[in-house]
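My questions all concern the structure below.
Chains: A, B and C, in written order; residue numbering restarts at 1 for each.
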Amino acid sequence: MNIVEQVWAWLTNPENWQKNFRDPGIPTRIVEHLSYTGLALLFAIVIAVPIGLYIGHTGRGGFLVVGIANSFRALPELGLVILLVLVMGVALALQAVTIALVALAIPPLLAGTYAGIRNVDSDVVDAARGMGMRERDIVWKVELPIALPLMLGGLRAATLQVIATVSIAAYVSLGGLGRYVIDGRAFGGVEGYAIMAGGAVLIAALAITVELVLAGVQRLVVSPGLRTSTVSRRVTRVRIRPVEEPEVATS
Amino acid sequence: MIEFRAVTKRFPGGTVAVDNLDLTVEDGRITVFVGPSGCGKTTSLRMINRMLDPTSGEILLNGKDVRQSAPARLRRGIGYVIQHAGLFPHRTVLDNVATVPILTGAGRRAARSRAAELLELVGLPAELAKRYPAQLSGGQQQRVGVARALAADPPVLLMAEPFSAVDPIVRDDLQQQLLRLQSELDKTIVFVTHDIDEAIKLGDRVAVFRVGGVLAQYDTPAALLAKPADDFVSDFIGRDRGYRALGFLGAKGIELAPVARVPAGAPVAEARAKLAAGWAVVVDESGRPLGWVSEDLLSTMDESAALAPDGLISGGSLYQADAGSGGTAGTLRNALDAALSSPSQLGIAVDAAGAVVGGISADTVFRALAAARESGEVPV
Amino acid sequence: MTWVWDHIDELLATSWEHLGLALVPVLVGLLISIPLGWVAHRYRTARAILVPASSLLYTIPSLALFVLMPLVLGTRILDPINVMAALTLYTIALLVRTVADALDAVSRDTVAAATAIGYGPTRRFFAVEFPLSVPVLVAGVRVAAVSNISLVSVGAIIGVGGLGFYLTHGSQLSPPNYAEIIAGIVLIVLLALLVDALLALLGRFITPWTRARAGVHG
């Protein structure tokens, strides 16, 4: 049996999908992976979005946002994770990794929120203010919905970054799908590689699925008036606006 | 009534945008603030609804200092239209217009039906209600902007260069629309523009500002054209001031000269017989003018042929003898232009149905002008 | 800290290796992305396929891609080619879209003028469209380079990792060698920032018209 067939065999073996003596089973690992991701994203959103909204709406401190977003791209996730776990102790590995994940998720969320709010047409904000909306209402009812596409772009980038880093977290003894890569390597040999590759396929599949789900959510949540497809009918204004779409890498 | 009392606006950095402005905006009228860039017209406007606050002086809205009202509440009672409409791209046209009523507590359904009424009022087809702003043309977006400003039926409407970003044909359309709306609604409108022609066309009163925020002249358009306060104002008003002033003098009752008429399809010989001073106007069955024939033109045609509707000499503009007030139709300017642009030097006067009722010569117009001066109709 | 000085030669050699692992894919990826990006820019159906495909590819976490490369390429798992191939794919996934967007951003008036002057399509591409898209392209290349430098370290989990080695090695010792780990992290970050700055300078150098504008107004 060649290697590809072996990987396929591992993936389709029902034993691997239930709790067995080797490990709690693929579904459990998937749930672990998603839980770490969800938790970290939750914290990151709670921190990054309000800050991004404030900085975007008032315009103060914008350079800070761009600087942070750009410099975090250079930070190696593996290093951050290892360092934090060692410093905090393996017993607190989950907390340490969560801190690392939140730190990695904040820059794209912040950049996306900031860029989204900055790109709201100042005429629209002026009109909203002029018709008697309070500042609070302007942010929530006008700027936020219009900024949503870029914010969701930031969320998607952050999610990808976190899912990818959670894959690495297995190195510091956490769960998740990365476990198969680590365990498979330890196992060694061709059979070990089959496990690694199986894990890799699962990681890739998870990442792609989550991305597609988020893309679907974006389609549902963003007003049709903001979609470029709706706009294609008439080009009404020819003002060139700089769109600072944050380019964020994932690992 | 909106009163500016010694209002000054100084920006950090030293620029004086508005300098000691004293001005009263009358209720139910369109007051236009006009002037070159940097004259403080838009700044003055934006102080009315507290988008900016004056450095010194006060602005009274119906006797009450605007600074005594919370900004958001104040603005809900004032309509605000800006240059690029500033429509919410994430909401449908209908929901855009319904914004202020909902803000002031109206139920969604009531707000939407009011919005639908307003869309009709500004001349937009009902299908546009469910579209998004990005799908509309610039002119349509501006109309939605106006509808949105009128939704809560505010007594005051502030308009900051609302028609400057569209092309001239659309602009003309929007201006006519505004005048029609105003004749029905009688709002107190403050309109800012940099275009003196727009100001003269729309304003019941026009305030001309100088760079540095100083009021140069505040008068009716006719007075502005007839008696500019100084060189700056007369330069700003531009050329042909005298000619444009004729647009404010009605020509009702001006004497019409007889004009030779020939029906289309008549034989050339008949046309030749009817020529008066070498010219005759060709009309259709309803009496509407199709063009001119001259002696020279007739000599190129076959004697026995019939006069065709094409191949005629095209005429100039038409003088509307039955025009109502408003616009330049039926004014001395209209009459003079008809006379000047006609190939035969006799302008064609038509009635409301478009049928020829007589001719206008330049002499008659000047006689009418002299009479208007004598009777005091022209500001001297 | 003494550990760093003791191992300075090794650190520098590994840094060099790290750069190679990260930047060769950027170069190869760029060369492949330019024609692909041009196709996506020119033909709508190509764009409709290439852009979503790139996005999907970019979604796959690097660890997964590193592990799967031997399957695709038939190499041994410890072969650094795996990492380089995976990073090349990432670079392509990122830059195809960048090239397409950059070419789209070139003013149509300029292109029309060039055609009217008499440039044939190929010459026009190299003389006008491509140079004008360089600023956006450089921005994309910077992102790719910096990410790659960071991502190479992930390869340490499967045994290939340039400076990532110090991260894993330092953590496996008992007690863990913090100097080693921190040195690894710092070097990676420094390399990334250095490469980013150099690319930015290079970008400005090859686009003198952007410099000129700054000079006139500044």
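Assume contacts are C-beta pairs under 8 Å (C-beta built on N, C-alpha and C of every residue); 3 or more make two chains touch, one makes a residue touch a chain.
Everything numeric here is computed off the predicted structure, so don't read it as measured data.
Participant: Can you name the chain whose C-alpha mean lies closest to the mean of all the C-alpha atoms?
Facilitator: A
Participant: Which chain's centre, taken as the mean of its Cα atoms, is farthest from the centre of chain B?
Facilitator: When every chain centre is compared against chain B, the largest gap points to C.
Participant: Between chain A and chain C, what's the gap in Å when you average each chain's C-alpha atoms?
Facilitator: Each chain reduced to its C-alpha mean, chain A and chain C end up 20 Å apart.
Participant: Distance from the CA centroid of chain A to that of chain B, rounded to the nearest Å?
Facilitator: Each chain's C-alpha centroid was found; their separation is 56 Å.
Participant: Which integer distance in Å separates the CA centroid of chain B from that of chain C?
Facilitator: 59
Participant: Report the residues of chain A in contact with chain B in the complex, numbered from low to high.
Facilitator: For chain A paired with chain B, touching residues are 121, 123-134, 142, 145-146, 148, 223-226, 230-231, 233-234, 236-237.
Participant: Please name which positions on chain C make contact with chain A in the complex.
Facilitator: Going through chain C, the ones touching chain A are 55-56, 58-65, 67-68, 70-71, 77, 94, 139-140, 143-144, 146-147, 149-151, 153-154, 156-159, 164, 167-168, 170-171, 176, 178, 181-182, 184-185, 188-189, 192-193, 196.
Participant: Taking the touch rule as given, give the residues of chain A at its contact with chain C in the complex, in rising order.
Facilitator: 3-4, 7, 71, 73-80, 82-83, 86, 160, 163-164, 167-168, 171-172, 178, 181-182, 185, 193, 196-197, 199-201, 203-204, 207-208, 211, 247, 249-251
Participant: Looking at the complex, which residues from chain B come into contact with chain A?
Facilitator: Within the complex, chain B contacts chain A at residues 49, 51, 71-78, 80, 82-92, 99-100, 103, 132-138, 141, 145, 148-149, 158.
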